[in-house]
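As structure tokens, here come the structures.
Next come two complexes built around chain A: one with chain B, the other with chain C.
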Partner chain A sequence: MDFAKKIIHTTEEIFNTMIFMEISSGQVLTEGQEVLDCHVSSMIGLSGDFNSMLSIHCPGNIGRAITSEMLGMDVEEIDEDVKDTLGEIANMVAGGLKESFAAEDINLELSIPTTVSGKSYTVSSPTKSNRVIIPFKLEQGRFFVEIKYSLR
Partner chain B sequence: MGKTVLIVDDSNTMRKIVSRALRQAGIDFDEILEAGDGQEALAVLADNKVDVVLSDINMPNMTGLEFLKAKSEDAAIADIPVVMISTETGADIIDEAKSYGAKGAIKKPFTPDLINETLGALL
Partner chain C sequence: MEHAQHIIESTQEIFSSMIMLDVTPGEPYHRKNEMLNDSISGIIGLAGNTKGMLAIHLPTQVALSVTTAFLGMEVEEVDDDVRDAIGELANMLGGNLKAHLDPKGSEIQLSMPSTVSGEEYMIDCIADAQEITVPFTLEGNQFLVELQLSPE
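The block that comes next holds the complex of A and B.
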């Protein structure tokens, strides 16, 4: 299953159609880089024919910049608008994955997105899960889309 | 003459995003009303003259499909057109929405042009 290709396609579509910020994807990471130095993360579960958790990890300035562009207003801090905006983006990326996998007769259901923020936190998942991380570059810096999955 | 639109979504942020897309689409709305779920939407429709509704599907309390069904059973508001706007746009869900009277569906992510094209045909 080519998670990276699907995630890159969906994420670029979201940024091209609703956020109007130019992004480019970097080299896909599958291991290492346990610390991403991010201050806000939004997560959403996809379960069904396989189990997974999709996350978007942003440094604070990137979360504010994306929210500012998407809502058309100034954003000074990591507030509820930033958390909700990243949650909506995670929801749309997961929705794109669900649709893409459905075309291959792989069925998934989405959970409700959850967003956390802070200076130091760890996002854990089952130890036997696989991991794909895609860095995306914006003018202001980088953010990451990650999926951890375990096949049945 | 400007029109009135009702945006139904449990996410305050998504309601802001849809409002912004409506402005970018260039449709002349006099008023943009908001509701956080289907129950709130029914109350707004009872108290206001609304020309078109944009509704999410997955919402707490009363989902978009439950809202459509309840609206279709109230003759006073049954004819107000509703367009679903959601990440969930599978054929089975859309068929069910249309069976309750939905006039179309917009998949997230969406462009202002798509909003204009979809709503333009209804207004």
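The block that comes next holds the complex of A and C.
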């Protein structure tokens, strides 16, 4: 199962067609726990034929830039709009993955998105799980899309 | 709300049977965007016909005592053992709660657990989710169990 390829394809498609921002993917990471210097994250569970959690991690300025672009208004701080937007993007990326896996007869269901924000926090997954982290670059900097999974 | 009762039953069952600690529930309430300080949270998604997210939020000191009791070994800082233990706790709570919400066992699937830890962070649900939080007292200290369910 090529998680990285599916995530890159889905994320690029969403940014190109829904948010109208150009993004490019970087070197795929598999490191365990990372802070990644991010101040807002959204996550959503994806579960069924395998078990996983998808997250999007953004530095504050990137979270604001994406939200400004998507909502067409200036965003000054990590507020409800930013959290809702990143939650919605996590939902869309997870939905795209679900569809892409369904085409291979791998069935998944989504949970609801949750956002984490703050000055200092670490998001980690069970040490036994697999992890794929993809950095995406846009004009203002980088954000990360991560999937943690275990195959049944 | 009936879900508060499910949270109370599941949490008491898991703590008494797996961790051998008694916990006392307090009054359920709606936890709206409160900052969590010096804490660790275990989060798991509920996917399928009922979509949601279950989280347990513990102040660091409480998380260390719970992990010590759970693993039967002393832990002094938030390391991989503590993160795994709190993620596993969220997983067990999710499994137990699923049995209450979905007695037939076919409509809800659990995602992979995730843990968030840090000095200062917030965990928000999407705007339209129903949310209920139950505080529990454990040896004089408090921790929270929160359930968010999508209205659909």
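Keep in mind that, in the parts below, the second predicted complex is superposed on the first by the 150 of 152 C-alpha atoms of A that agree within 3 Å, B and C clash if a C-alpha of one lies under 4 Å from a C-alpha of the other, contacts with A are read in each partner's own complex, and residues count from 1 in each chain.
Everything below uses one rule, namely that a residue touches a chain if its C-beta (ideal position, glycine included) is under 8 Å from a C-beta of that chain, and two chains touch if they have at least 3 such contacts.
Quick caveat, the model's predicted, so the values are computed rather than measured.
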### Query
Is A:14 in contact with chain B, with chain C, with both, or with neither (first, second, both, neither)?
first
### Query
Now for A:45: first (chain B), second (chain C), both, or neither, which partner does it touch?
second
### Message
Output check: A:71 vs chain B and chain C. Expected answer is one of first, second, both, neither. What do you get?
### Response
first
### Message
Contacts for A:84 in the overlay, against chain B (first) and chain C (second): which applies, first, second, both or neither?
### Response
both
### Query
Now for A:95: first (chain B), second (chain C), both, or neither, which partner does it touch?
first
### Task
May I ask you to decide whether A:149 touches chain B, chain C, both, or neither, giving the answer as first, second, both or neither?
second
## Note on the structure
After superposition on chain A, the chain A residues reached by both chain B and chain C are 80, 84, 87, 110
### Task
Going by the contact rule at the top, pick out the chain A residues touching chain C in the complex.
33, 43-48, 51-53, 55, 80, 83-84, 87, 108-127, 129, 148-150
### Summary
chain B contacts chain A in the complex at 11-14, 16-17, 20-21, 87-90, 108-111
### Query
What part of chain A is in contact with chain B in the complex they form?
13-14, 17-18, 70-72, 80-81, 84-85, 87-88, 91-92, 94-96, 98-99, 102, 110
### Task
Sort out for me which residues of chain C touch chain A in the complex.
35-36, 43-48, 51-53, 55, 80, 83-84, 87-88, 109-127, 129, 148-150
